[in-house]
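First, the structure itself, so that you have it in front of you.
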Amino acid sequence: MPPPVRRIAVDRDPYVAPERPLGNGHATPAVNATRLRATRAPAALVRERMRVESVWLAYGENWVVRDVSLTVRQGEVLAMIGASGSGKTTLLRSLNRLTEITDGAARSGRITLDGTDIHELEVNQLRRHVTMVFQQPNPFPMSIFDNVAYALAERPGRGGRRRRRTPAIERAVSDALHRAGLYDEVAGDLDRSAMRLSGGQQQRLCIARALAAEPEVLLLDEPCSALDPISTATIEELIVSLRESVAIVIVTHNLQQAFRVADHVAFMHLGELVEYGTSEQVFDRPAMQRTRDYISGAFG
Amino acid sequence: MAAAELAPSPPSGTAIARAPREGTTSWPLVDRIGYWLCWTVGIGLCLVALAIVLFMLVKGISYLRIGLLVHSPAPSQIQSQSGGFLDPIEGTLIVALIGTVIAVPVGVAIATWLSEYRRPAGLARAVESAIEITAGAPSVVLALFGLLIFAQGFLGFLSQRAATGAVYGRSFFAAGVVMAGLALPLIVSSPRAGLAQLPNHLREASYALGRTRATTIRRVLLPAIRPDISTGTVLGIGRIIGDTAIIRILLGLTLTTQPVGQVPVLGLLRGTGSTLTSYIYENSPAGEGLSPQKAYAAAFVLLAIVLALNGLVTWTTNRGPRWTR
Amino acid sequence: MGRTRSWATAKTDQRVERALGALAAAVLVAIAAMLATVLIKAWPSFSHNGLRWFGPGGDVDTQLRAMAESKPLPGRSIYYFRAWPLIWGTLLTTVAAVLIALVISMLAAVFLTEFAPPAVRRVLDPVIRLLAGVPSVIYGLIGILVIAPYIDKHLISDSRRASVGYVVQLNGNNVTTAILILTLMILPIMVAISASALTSVPASWREGSLALGVNRWRTIWRVSLRTARPAIAAATVLATARALGEAVMLAMVAGGRGFAPNLLDGFTALFEPVRPLAATILQNSEGLTIPVLAHTMYAVAAVLLVSAAMLSFGGWYAKQRFQRYGVGA
């Protein structure tokens, strides 16, 4: 007789966040995550940066994102959660018009940055204001300095194209490395090849590279999914520390990570925005049954 | 969670925009110049490439007749009596055959040795360097050396002797051997790359079953890289067919195939003749220059052969098991 | 499967290994013998002329003819040979062709991989592969039957002809035709190799660069081409080796005279004939029974071999340098 099939009990009760002190070194198992920061940024510092209004996105014939509206604010972290195929990555990529490099993409609706429709801006200009960090760390095959300075030469007045090492560029590079929390580790030799860094360091280098242009919005596409837990923790702290100066949108399939870093949460399913609210609302008191199912692990 | 719950598409009346290609109007001038330069060069290259292909096609077809393919060339000032290029076609095939027959076993053996054995290491490195030097050496140099060897007295049986007793040194055999040397680097590189790409577990599985290395190679590895061997062979044949310098130096300058002596195959090997490449050269203004039309026709046939070989390469590289696709 | 056959024993393995090793060693010996023989046979020519072998000094064709007829020029040894016109011709044609082909092939490869519409790409791919395999004699045919007459009729005016007529006859077979056809010959293989290197650049770098707001052109230049540098270097070395060793096609179109184009002639220098080193060997191949001529030709061959070896080494060195950032061809 084959052994009986084991069923995993699904907890359908509303999720309750336990109170744990900060700095708990022994990370507890998945269900109980530690809130990284206890307080929200003061309301005065929060300002609206981007607004997504009734956006539909399609690749070819399928509508991948259906009628989504949300707001991206500086001073807080917006996490987009959902199962695979929910359209959250596509929506993220539409924020800096990266969907356009695929042929056959179609869109409807309006996305604005500081009040201006992003499709009226020049696309490379836009991408310097709204930068992106990808899932797999992708440092260019150059030195660390050249990687961070890569996008800098584009900005007018930020050092000439020819002179690579002007004091302005060097200052910008070290600023970016400081903001990304990588400066102390690489300050010794900035001309080292970026490919020799560890995975976590490479991802922080990518974040520094994205920050070098001093963007208004930073988009993160599952930045820690390829990293070990310690690097993940470092980057999550980094994200929280950056939210005052940059609006952050992070896509993650790791619910605990969203729980740890997010101020606002958008839960998407099959392209639709099922629930959108503060993280207390979505995690503690989800309004929709589907949200409750997803958070408790019934699917996804 | 039924699909019917999802709205099928945006409400009518809303504008749907397709993704535009990144426009270049906003780029700095330097970038725009580069972009247009790129386009110009690209289109120019297209036009030139197509022009060459079409030109050879048109000229070849207009001058090619079946008669040319089946008649031997005859020395004559009059166009209509100077025959076709059957012998050059024969010559091309003979030289390619000799070259391949010699080069393929040797090449595959060397590729195997370099990949699987490699001992002593110094010898392996020296062999690799030697093959690379041969790959880069001009074919005239190889031809010179070949002439030197085959003009030695004791090798007279491989070509013919002049009345003074000096060895002529030029024959199909001589050309074939040097052609084998020319094709060797190509025939070695493909199987080598193929063997390097084979995963180790293949070999380990065979050793674990108690088979010796020789058996493993013979039974497992070589069949696995059959496409690579074919590719290398076809590349080598292509190189052999296309070379003129070695032919001109080592095959003598007779238009027709001239066997030497009475023995059937050996006589042919010892004899002289011509190939398509030397025929084209002879008929162009650089040689006798008598019939450029025949040169075009012969060039067309040669191109057709090259095209067929190209197709063969594509076909052999795409079939067969691929371990790392 | 129970019966062990005689060739399955470990001793056979050893024998096979030794046999294969012997074969490889034999090939090595043959190639080494070729190198040694060429150098040894070349020695008399070098020893009689010293380093001045490479220098200028009179008409190469006259010197070669003197050797062929065994009638030494007055006051000179029979070995007298000054190869400078041949070397100059080789340098001109090879360097110019490779430089032009490098620029064109990079732009063309970028066009093929980035900007060309898919239909164009699908047509051009097999066409370029076909052109890469076309025998050089066919390029020579096109050169001598199409390009050379055109240049002769349209680009060389009578006044130009007259201006150098006392030294050399100008016709369609000249250094410009040679450079044109040579460029055409090495372009397909350089384009093919560069294009395949560009397509194997990881997409994540391209995307990352675009996401940082760098436009497509600069992304290609600063990321893709930089990554493809080892492959482009390898393609250049390959093309240069091919150009250097090209004998037949150049014998057909370059002019056949061992003449050193005088750059001081201005534009007229473009139309002066040359005869590169490899073509010289080809054109004198019938006279190899005469020892002195043979030694001189072996000397030319030695120069070619050494250049090819140096090219190989240069390519290897460039590859080492470009692989510093961990990306190979």
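Which chain is which? They are A, B and C, in the order written, and residues in each are numbered from 1.
In this section, a residue touches a chain if its C-beta (ideal position, glycine included) is under 8 Å from a C-beta of that chain, and two chains touch if they have at least 3 such contacts.
All of these numbers come straight from a predicted model, not from anything done at the bench.
*Asks:* Chain touch graph shape: choose line, ring, star, complete or other and state it.
*Replies:* complete
*Asks:* If you tally the C-beta contacts for A-C and for A-B, which one comes out higher?
*Replies:* Result of the comparison of A-C and A-B: A-C.
*Asks:* State, to the nearest whole Å, the distance from the C-alpha centre of subunit B to the C-alpha centre of subunit C.
*Replies:* Centre-to-centre distance between subunit B and subunit C: 17 Å.
*Asks:* Just the number, please: Cα centre separation of subunit A and subunit B in whole Å.
*Replies:* Inter-chain centre distance comes to 53 Å.
*Asks:* Which positions in subunit C are in touch with at least two other chains?
*Replies:* Touching at least two other chains: 215, 218.
*Asks:* Please output the residue numbers of subunit B that touch at least 2 other chains, ranges allowed.
*Replies:* 22, 26 - these are the residues of subunit B that touch more than one other chain.
*Asks:* By residue number and range, which residues of subunit A touch two or more other chains?
*Replies:* Counting only residues that touch two or more other chains, subunit A contributes 101, 124-125.
*Asks:* Spell out the residues on subunit B that touch subunit C in their complex, using ranges where they run on.
*Replies:* Of all residues in subunit B, those touching subunit C are 22, 24, 26-27, 31, 34-35, 37-39, 41-42, 45-46, 48-50, 52-53, 55-56, 106, 109-110, 112-114, 117, 119, 123-124, 126-127, 130-145, 147-148, 166, 181, 184, 211-215, 238, 241-245, 248-249, 277, 280-281, 284-286, 292, 295-296, 299, 302-303, 306-307, 309-310.
*Asks:* Name, in rising order, each residue of subunit C that touches subunit A in their complex.
*Replies:* Counting only subunit C, the residues touching subunit A are 202, 204-205, 207-215, 218, 222-223, 226-227, 324-327.
*Asks:* In the complex of these two chains, what residues of subunit B are touching subunit A?
*Replies:* For subunit B paired with subunit A, touching residues are 1, 6-10, 14-20, 22, 26.
*Asks:* Once bound in the complex, which stretches of subunit A touch subunit B?
*Replies:* Interface residues on the subunit A side: 54, 56, 63, 66-67, 99-109, 119, 122-125, 270-272, 290.
*Asks:* Considering only the defined contacts, which subunit C positions touch subunit B in the complex?
*Replies:* Checking each residue of subunit C against subunit B gives 7-10, 12-13, 16-17, 20-21, 23-25, 27-28, 30-32, 34-35, 37-38, 41, 104, 107-108, 110-112, 114-116, 120, 123-124, 126-131, 133-138, 140-142, 144-146, 184, 187-188, 191, 215-218, 221, 241, 244-248, 251-253, 278, 281-282, 285, 288-289, 297-298, 301, 304-305, 308-309, 311-312.
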